[in-house]
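Two complexes are shown next, each including chain A; its partner changes from chain B in the first to chain C in the second.
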Partner chain A sequence: MLVHDRLTRRSIQTVFLLVFLPLFALPLAVILAASLSTNWSGALPSGFTLEHYAAVLNGPTLDALRVSVVTAVIASVCALVAGTWAALSAHSLGPRGRRVMDALFMLPVAVPTVVVGLALLVAFSSPPVLLNGTQMIVFIAHTVLVTAFAYQSVSAALDRLDPVHAQVAASLGARPARTLFLVRLPLLLPSLSGAAGLCFALSMGELSATMMLYPPDWTPLPVRIFTATDRGALFTGSAFAVVLMATTLLVMFALSLVRTRAGHR
Partner chain B sequence: MGIRLDGVSVSYGGTTVLDSLDLTVEPGEFTALLGPSGSGKTTALRSVAGFVRPDSGRVFLGGRDVTDLPPYSRGIGMVVQSYALFPHMRVDQNVAFGLRAQGVPRREVRTRVGEALELTGMAEYARRHPRELSGGQQQRVAISRALAVRPQVLLLDEPLSALDARLRSEMTTELARLHRDLPDLTVLHVTHDQGEALTLADRVALLERARLREYDTPRNLYDRPRTAFAAGFVGSANLLPGRLDRGSVRFCGLDVDAPDALPSGVADGDDLRVCLRPHRLTLGPSEHTVRGRVTDLSWRGSTHRVTADVDGHSFTAEVPGTAEIPDLGTTVELGFTRRDLVVVPAGEEP
Partner chain C sequence: MTALAPHPAPRVPEPRRPAEGPPPPRRGLPAWVWAVPPVLALAAVVLYPLGAVVAESLTGPDGAATTAHYAEVLATERFRDALATTVFVAVCATAGCLVLGLGLALVIAFVPFPGSRAAGRLVDTYLSFPSFLITLALLFLYGTVGVANGIWTDVTGADTGPFDFMATPWGVILAEITFFTPFVLRPLLAAFTQLDTAQLEVASSLGARGGRIVRSVILPEAFPALVAGGALVLVLSLNEFAIVLFTGAKDVVTLPMLVYSAAILEADYTTACVVATVNAALSVCLYLLYRAATSRLRGPAGGPRKHGTQKDGTQKGGRRAGA
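Let's turn to the complex of A and B:
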């Protein structure tokens, strides 16, 4: 075929590098470069410095990182539990119920994030449930936004899961709960850890809904990046962004280790 | 504990996959459900296991109506084609799974896991993971896992189909030994392999297109099939059109005295099928002889298969590998005696 020809393969690879490198890798490299510079007036930045990173280590930013990680962990765990639960229920519902559930969980993805933020703000700004100005409303917003992704990846994994393991477990006398926790969920573990990584990354980067909802004592890192760049501190903002990126990648890498270990069994 | 299916019907979206199946398996009996794909044999097994809810009819295990019981309350053991070992558990944990689920005390679990693995010769692999085992070894573990819970009914869903020919015959011997060693265990074995069914089963239920065609011992099914379908599906057969005419069978220009035992439903003047097993035909003339041109020769090691065209009908003879074999295109005489003849009603053939 086409790709077996050496010349063709080379040219495809070249095109790939030419198109994708500038689009995906270079912007990130630019941020990294900016975070280490004092000014950037020519083609390349100048004045190497680490002082922006020193700014990270002072109180508010490190606090913002902690806020982001805590929020992302809480949101991912809640989303994973809710999404897995919903996907398992949807699969036992039959085709019609399944379609309703799929549509329901598409909503937070289909509706603009700002709208979700606004909806939560309006809904919880007056009694009986008054959550406006609490950390709770941030957790809820993030959970709502990422549960859809958890639901979809677990649901796709359930489609691929051969029911024969669960059936054999049942024939051996295991009740549905035992089969779920000892057989089906362990078999789904690779997908679950993938879904967890996705949820974590999405929550770490969430800005638009958070902007409308965050209380003063609970400022996630993306908000700090936004306010820093908004007042013109581009290089400091870049350093914050690099920290955000590195933390997210680190967690996703750790989760992918869980996945490979589970996959190898 | 016996199995009884009482008028069990199953259909999926308007297609009937099992049509009012009546089947009784005596306690301790090894029954094979044999049939081509789509005959409903797997559905029958799955309705015994509880994974398929019959549209009508009842399923009994040991005289108890289990139709409405979930699979985990039926007390069966099951082995499937893909082994379905739990990949995240070691061999011993796999075998212990059913015992733990049934609340067997921890100490007893250990001895019974050992016994069950001993039964299939897998004791030394207890601490391995399934992925470290070959297909045959995985299937042995799957059998141990099913037997560890001491089920009174064991369901085998094409357990040997994923194995290569050598392993399959080895495991067939193994299953036969298990059946001898566990005389109280009732086994229902789904297979499309007639060799497996003939070797292992006490009785064979032959299914075709959602219906039970015949239910008999392998010997009777082979020697005295009652339908053209059974004659053609169980073992190979030359099926030739004929007619019963005043006590003799006329076919291919021959006139042979009718066999003593005629199947029910065949009356004088009826069209019928004559079944001649290839290994009962001999090269050269005999009590009855047909002549034909050799159209195909195939060597099978211990035997030769000689196919000849006799007046437009194909005759296949299986003769010893040591026999003198005619050349392709030459004329050959094939002989048989009246005793080699089995008559079945003209009907659908496989």
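Let's turn to the complex of A and C:
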């Protein structure tokens, strides 16, 4: 306890809440409230309605949600496989090789996402590989962007992993494949499911690279939210955003259950 | 978990995707061989595309190598304005995040109250939401027909309210501060939990007041986390696109925005590639500085151990002795 004076403590906490609530708690509440209203020009929203959510259920928005979920699942699975493989192989290298792998796999985080999108567009609009205008290019972009985070999580988990389990398994005669699949990967399962949640959330909300290269027949939900708000339909956009957040939280919650169960084993 | 080693076969859950997982190193095959497939995949979808951007920016209409595009684009007022706006927004947002993150972290860690932990967790959930939601919410709050102006016109009876900054760089800065503060807050809170509370008690019993303890005990300990968080926010805000896109401001053109409008709205790929190369070079340089700072300043028990235990041990000793 840093401040012993009661009055000072109370005033510090008041200032904290005065800064914290408008800045962090209010935005999420505002989106939720707006998605249920027809009008908001005074202090409080007015005209309770569910019609923005009805707009989600029929028509292209449900399609956009499906597109987003499919893209996020594909990107997360690919990113987990690639990221885990890369992290495991980087871990068995020396410190120098490890640094090179770290730098390579964290590169997509450092490069602006818009540039990642532009790069894929430029590279795959001309031979030898033509992917421009396909769904494939969206999958690739999302996978590239989230693989860095999968790599980072798995790499950090490997650092914390006690090597003694794998050593015991090996000393009991388990071949490296058996050790990997029956000892190391199960031990990594909690962090793998955490990484999966992160990848899914990031891919669900990805807009920058997607704006650069989504084909008309594969419009993810963030793009729908942007087109809605861009033409002034802020309330409908909020409803879409709530659906996006709810889906993301639901999947992350399901994955955290996997994590807890894996942790208890 | 500890039950795994003695009875591996019956107790261990099935691996998630046995067929797709990385194959284990086989005896006789050097370790680096297993690093080749992921690196090749990365080369195909990251390095080759980025190379294509740089190549496009350096290729003249006749196919020969030229820097003419750079001379041309870098001289335009549009590019210079975008560069100035980008740096201004990024620096202001970073400064704001550092001040705010430090203040909030100090309160959460050292002047706790019921609910302060929940506040920390709420900030954590921000990291899993897309950034543009913040802009959307701020448009409702401070937009020209937003809540703040609505309250103002209700109270004063004026026709329009005074809040009209969402279409200016300040709107972008406010949104970025809101969204990026967690990136400063998290490492700081982690650093504060490692702080030896005995140091605070000693300083306090020797008569130091709160402000002095923060200045001479807490801040030196938290400095690495502050530097790391600040550098990360600087890179992220240089790269941020969705927040700027959602404000709908025509005047706020940052470098990523310029890349988007040149490539998609004007189909001018050469200009887009030049701007993209400059933007990426800027961000990657800053990111390398960030990596250098974090790996050198990384706390003893803080992040992942990177260079083996022995080196960490010496680091720990050195840091403790210095502190």
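The rule is short, and it goes like this: the second predicted complex is superposed on the first by the 244 of 265 C-alpha atoms of A that agree within 3 Å, B and C clash if a C-alpha of one lies under 4 Å from a C-alpha of the other, contacts with A are read in each partner's own complex, and residues count from 1 in each chain.
In this section, contacts are C-beta pairs under 8 Å (C-beta built on N, C-alpha and C of every residue); 3 or more make two chains touch, one makes a residue touch a chain.
As the structure is a computational prediction, the values presented were derived from the model and not from experiment.
Visitor: Looking at chain A, does chain B or chain C touch a larger number of its residues?
Guide: Greater contact footprint in residues on chain A: C.
Visitor: Go through the superposed model and pick first if A:183 touches only chain B, second if only chain C, both, or neither.
Guide: Both partners, chain B and chain C.
Visitor: Just to be sure I read the superposition right, which of the two partners does A:245 touch: chain B = first, chain C = second, or both, or neither?
Guide: After superposition on chain A, A:245 lies in contact with chain C alone.
Visitor: Which holds for A:173: it touches chain B only (first), chain C only (second), both, or neither?
Guide: After superposition on chain A, A:173 lies in contact with chain B alone.
Visitor: Figure out whether A:6 sits in contact with chain B (first) or chain C (second), or with both, or with neither.
Guide: A:6 contacts neither chain B nor chain C.
Visitor: Quick check for you: in the superposed arrangement, does A:95 touch first (chain B), second (chain C), both or neither?
Guide: second
Visitor: Report, in rising order, the residues of chain A that make contact with chain B in one complex and with chain C in the other.
Guide: Touching chain B and chain C on chain A: residues 164-165, 168-169, 172, 174-176, 182-183, 186-187, 189, 262, 265.
Visitor: Which of the residues in chain A come into contact with chain B in the complex?
Guide: Contact set of chain A toward chain B: 162, 164-165, 167-176, 178, 182-183, 186-187, 189, 262, 265.
Visitor: Could you list, by residue number, the parts of chain A that touch chain C in their complex?
Guide: Listed in rising order, the residues of chain A that touch chain C are 1-3, 8-9, 12-13, 16, 19-20, 23-28, 30-31, 34, 40-43, 81-82, 84-86, 88-90, 92-93, 95, 97-98, 101-116, 118-124, 140, 143-144, 147, 155-156, 159-160, 164-165, 168-169, 172, 174-177, 179-183, 185-187, 189, 192, 197-198, 201-202, 204-208, 211-212, 222, 225-226, 229-230, 234, 237-238, 241, 244-245, 248-249, 252, 262-263, 265.
Visitor: Quick check on the complex: what are the chain B residues that touch chain A?
Guide: The touching residues are 49-51, 70-78, 80, 82, 84, 86-88, 97-98, 101-102, 129, 131, 145-146, 149, 155.
Visitor: Hey, which residues of chain C end up touching chain A in the complex?
Guide: By the definition above, chain C touches chain A via 1, 3-5, 8-9, 11-13, 15-18, 20-27, 31-32, 34-35, 37-39, 41-42, 45-53, 56, 100, 103-104, 106-107, 110-111, 113, 116, 119, 122-123, 126, 128-134, 136-141, 145-147, 150-151, 154, 177-178, 181, 200, 204, 210, 213-214, 235, 238-239, 241-242, 245-246, 248, 255-256, 259-260, 263-264, 269, 272-273, 276, 279-280, 283-284, 286-288, 291, 303-308.
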